[in-house]
């Protein structure tokens, strides 16, 4: 997923940065993690820098446990292989996912429902699956990760019409209809989603109903404004938490991990670069090469 | 299969040597061949030395196209990997066999029927499959090669009770019941057996009936003595051929390829060796190392 | 194939594409974003090949170009997007507006596509997989079949073998016989090479067979899978090639920017594809100094 | 597994076998004759483990020893013979005469066993294969099922996934984390390591993780498959280990000779297994000079 470069009012960090730092807490040391490109990857890199130095990141291209010396711009970037413990095939990585070797996966999406079902295939709008208003990338490895990984963390910007009662297309199964054992009945092996980290707060899933509820809110955000951006009557935790401000070293590490600010800053930052040489220079500098 | 060290009467070579040199003619240049250990391998090595220098030998252990610098004593011998074009997995080699990439396979066996069905599982005798008179090694890759390779050459010593009307156990399918399309109906992809090279002559299969007939006879062997060792009324080609004496350079190359005579000579030759050092010395000498 | 042809499969990219890729062919490409052979894609566009059915996993750069250039009729795959950069503009125009042509889409997951190529490579009709269950992928894709496990376990999804007419796969090293050696991640290439009817093997370096023999474990694709060998240095640019050159994120960002309009894409296509008679001209247009910088960057991290 | 255990899985062979292999376990062994870990087999015999169900492809040396020593109840596999040397004497005695115990045999082909481990490693219930059709293997093995192809092709055979309790796999190099690097042919080891419930990884050389990272493409078995790492130089003797030592055909020939009688085998067993407290004593009894000669021979052909 892409980041946004607008700082939170009265703060020295952006919502995207807070998302990355908040979600990095979801990784445990020694786990094997299947993370997507963009903010999820930055979160994984941060986890390795701080509380989970032995976290192994896996890429569907076939890279297992690389040293994160460079930020990747796609899962097939050669940087994904830097000093990897194992360089293998895509089909082996998916087989290992199906075999239950991977603990956590982080996914983004365009549409999400209250049971954590994700849509990354198409926004139908006036159209349908064949002729949608917006054709999205499709599953990629998302459906596979959501089906088989130990637990799933979802990262999405909290915007109107993205958190909906019913998604146009279930690309990646969450808790399906929320009924007990729904995933097992379908033949799914993984545990499904446990958290949704957004640009305004963190949601978790109720153990009985498997319905999403607001668990943590970001500084300067009102519960009402979150409820307005959600397409159903949102439950809020009685002990609603306030996300702590990131530590300075966390922000520094985060910004260093994306030295050209191309992940968090997007196209805007790209234009700020003088050219390829500056990109090469900053990449080598961050890697200490 | 093992060799025998008795020379054919009035000749300077043994029946095993003639078998190896006769069967080596079955390989064509540029083919990919799946050969078993023992005389079949020696035949493959000879083919590479003479008319088929670009023959690639494949081993089920996962070796494709090694330089044959050493003779192998088992398919998993590290010598099978010497300078190979590709070192891969067993399952990939069998997949490639099933995919139709391999032209010819050479198989041995304990029992054979007139349609070329092979038994390498058990000789029942008074007993049965569970408690046989003689338990043989089993299929190994034999069934797979016989099922999927382009064409099969069988090598067996011609002895009483080995060429039978009906084998106790069909380990590797030949032409099954000999009926038209029998292999296709069973779902088999390969062409099945085309020749049976024995210690007394060469058999081939009749294009219409798919029944084995005597095609070539070795020097000093009588048709009657062959018929006596075969368990059915054997057809003999009208133009029965006489196998030519091997050329001196062929015999020399064959003996050089098995410098300790362990394949052709068996246990007897092993005892003739002074010890491991002599084995190492002769192996390096043959390889020119 | 004649004996001499078996011994030496070397061709130019123009010859290889012209001989093996036809309008209406089904096709797959090696690599996984990194190691995608973009040079072959440019040649397919130059030769005006049409109505391709592309069967693949995640192939954004390849597909966005081919679809924008009007070469593709059908997509059977899993992912077409630019990850951190954004959506694929030509894909969106084709699916949402039928521009330049409508694109027939059959959605799969990456694991499903991987298993389809594994089945194709093994020459078996199908593979079982535990993905897509409970999702709408199955609702719109009737070729995914739910099957009861005859050995008594929970239900699984079956996916059919993929058997494209052609595969174009880029390796770091190859010999003229067609042995392809790959370093870094290998994607589904070992199985794509086996599943396809014909294989065009492109490579960064052409090496003598003796060098192949010295590192047989690196031979991902054995000679008997391969029909044509083509030497195409920098063949993946702007994507990365492990051990040779890094990804040019800026060039790709500019492409994404430019292709937001159909006109912008056509200008890009004229400049970088139709405007170049071959891959060497494309490299010159990109700039050899730029390619060298990316090679220098990659070799600071991965050397072969 | 605790974090420290995840970081360092190093054990002695005695500890690893004692912890992970129990009487009644189903088990498989890595390698394909070459790279068979005979040292682990000797330790299993020393510990008096019984009633093993061995699921494997071609595993003559391992099985002839285990069966002769009375450790095995059942064999699901494809080949038990000495190729050019002859039949396996202990196997024959067990099957033909029930000596020392009857051996339950389920026959498969090597391709079938390979597909069973591929299925087990992928955690799918079965694989399709085009072997065994029309043969008597299917007549006596009811777990091979002929299935109509739901996609309209000819019938295929289905084989069930293999999921042994334990796999013992010997690699040329490993780190304490459990990353196993293998050179030469790889047999079915990548899939056996994934299919098994627990994996004991034995190795010729223990190397730092940094060395593993320098050649990630050689890591056949990733750390997360592995439960124990054991350093066992010459662990495959008398079989070969690519790049380290050659096969001792004379020692094996003598073993075959000796085991023609039950008494001869028991003498051999007392001398080389029960008479040695561990693998180092076995190596000493074989003779270090002999092992060095085999290392010298192998390195004339294959170096890593």
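Each chain carries a letter (A, B, C and D) given by its place in the written order, and its residues are counted from 1.
Keep in mind that, in the parts below, contacts are C-beta pairs under 8 Å (C-beta built on N, C-alpha and C of every residue); 3 or more make two chains touch, one makes a residue touch a chain.
This one's a predicted model, so the numbers in the text were calculated from it and none came from an experiment.
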Where chain A and chain C overlap in contact partners, by chain label: D
Between chain A and chain D, centroid-to-centroid distance (C-alpha), Å: 42
Distance from chain B to chain A - Cα centre to Cα centre, in angstrom: 59
Centre-of-Cα separation between chain D and chain C, whole angstrom: 38
Chain D residues counted as touching two or more neighbouring chains: 123-124, 129-130, 156, 183-184, 190, 217
For chain A, residues contacting two or more additional chains: 63, 81, 83, 87-88, 98, 189
Contacting chain pairs - touch in the sense defined above: A-C, A-D, B-C, B-D, C-D
Chain A partner contacts - residues on chain D that touch it in the complex: 3, 6-7, 121-124, 177, 179, 190, 194, 209, 212-214, 216-217, 219, 222-225
Chain D residues within the chain B interface of the complex: 31-36, 57-58, 60, 77-88, 91-92, 95-96, 105, 107-112, 114-115, 117-118, 129-137, 140, 146, 154-157, 183-191, 239-243, 246-250, 252-253, 256-257, 290, 293-294, 296-298, 300-302
Interface residues, chain B side, partner chain D - complex: 1-2, 36-38, 59-63, 69-70, 73-83, 87-91, 94, 97-98, 121-122, 127, 129-144, 147-148, 169-173, 176, 182-184, 186-189, 262-263, 266-267, 270, 273, 275-277, 279-280, 283-284, 287, 289
Interface residues, chain C side, partner chain D - complex: 119, 123-130, 143, 145, 147, 149-151, 153, 156, 158, 160-161, 183-184, 217-218
Chain B - residues contacting chain C, complex: 29-30, 32, 54, 56, 63-65, 67, 81, 83-88, 92, 95-96, 98-101, 189
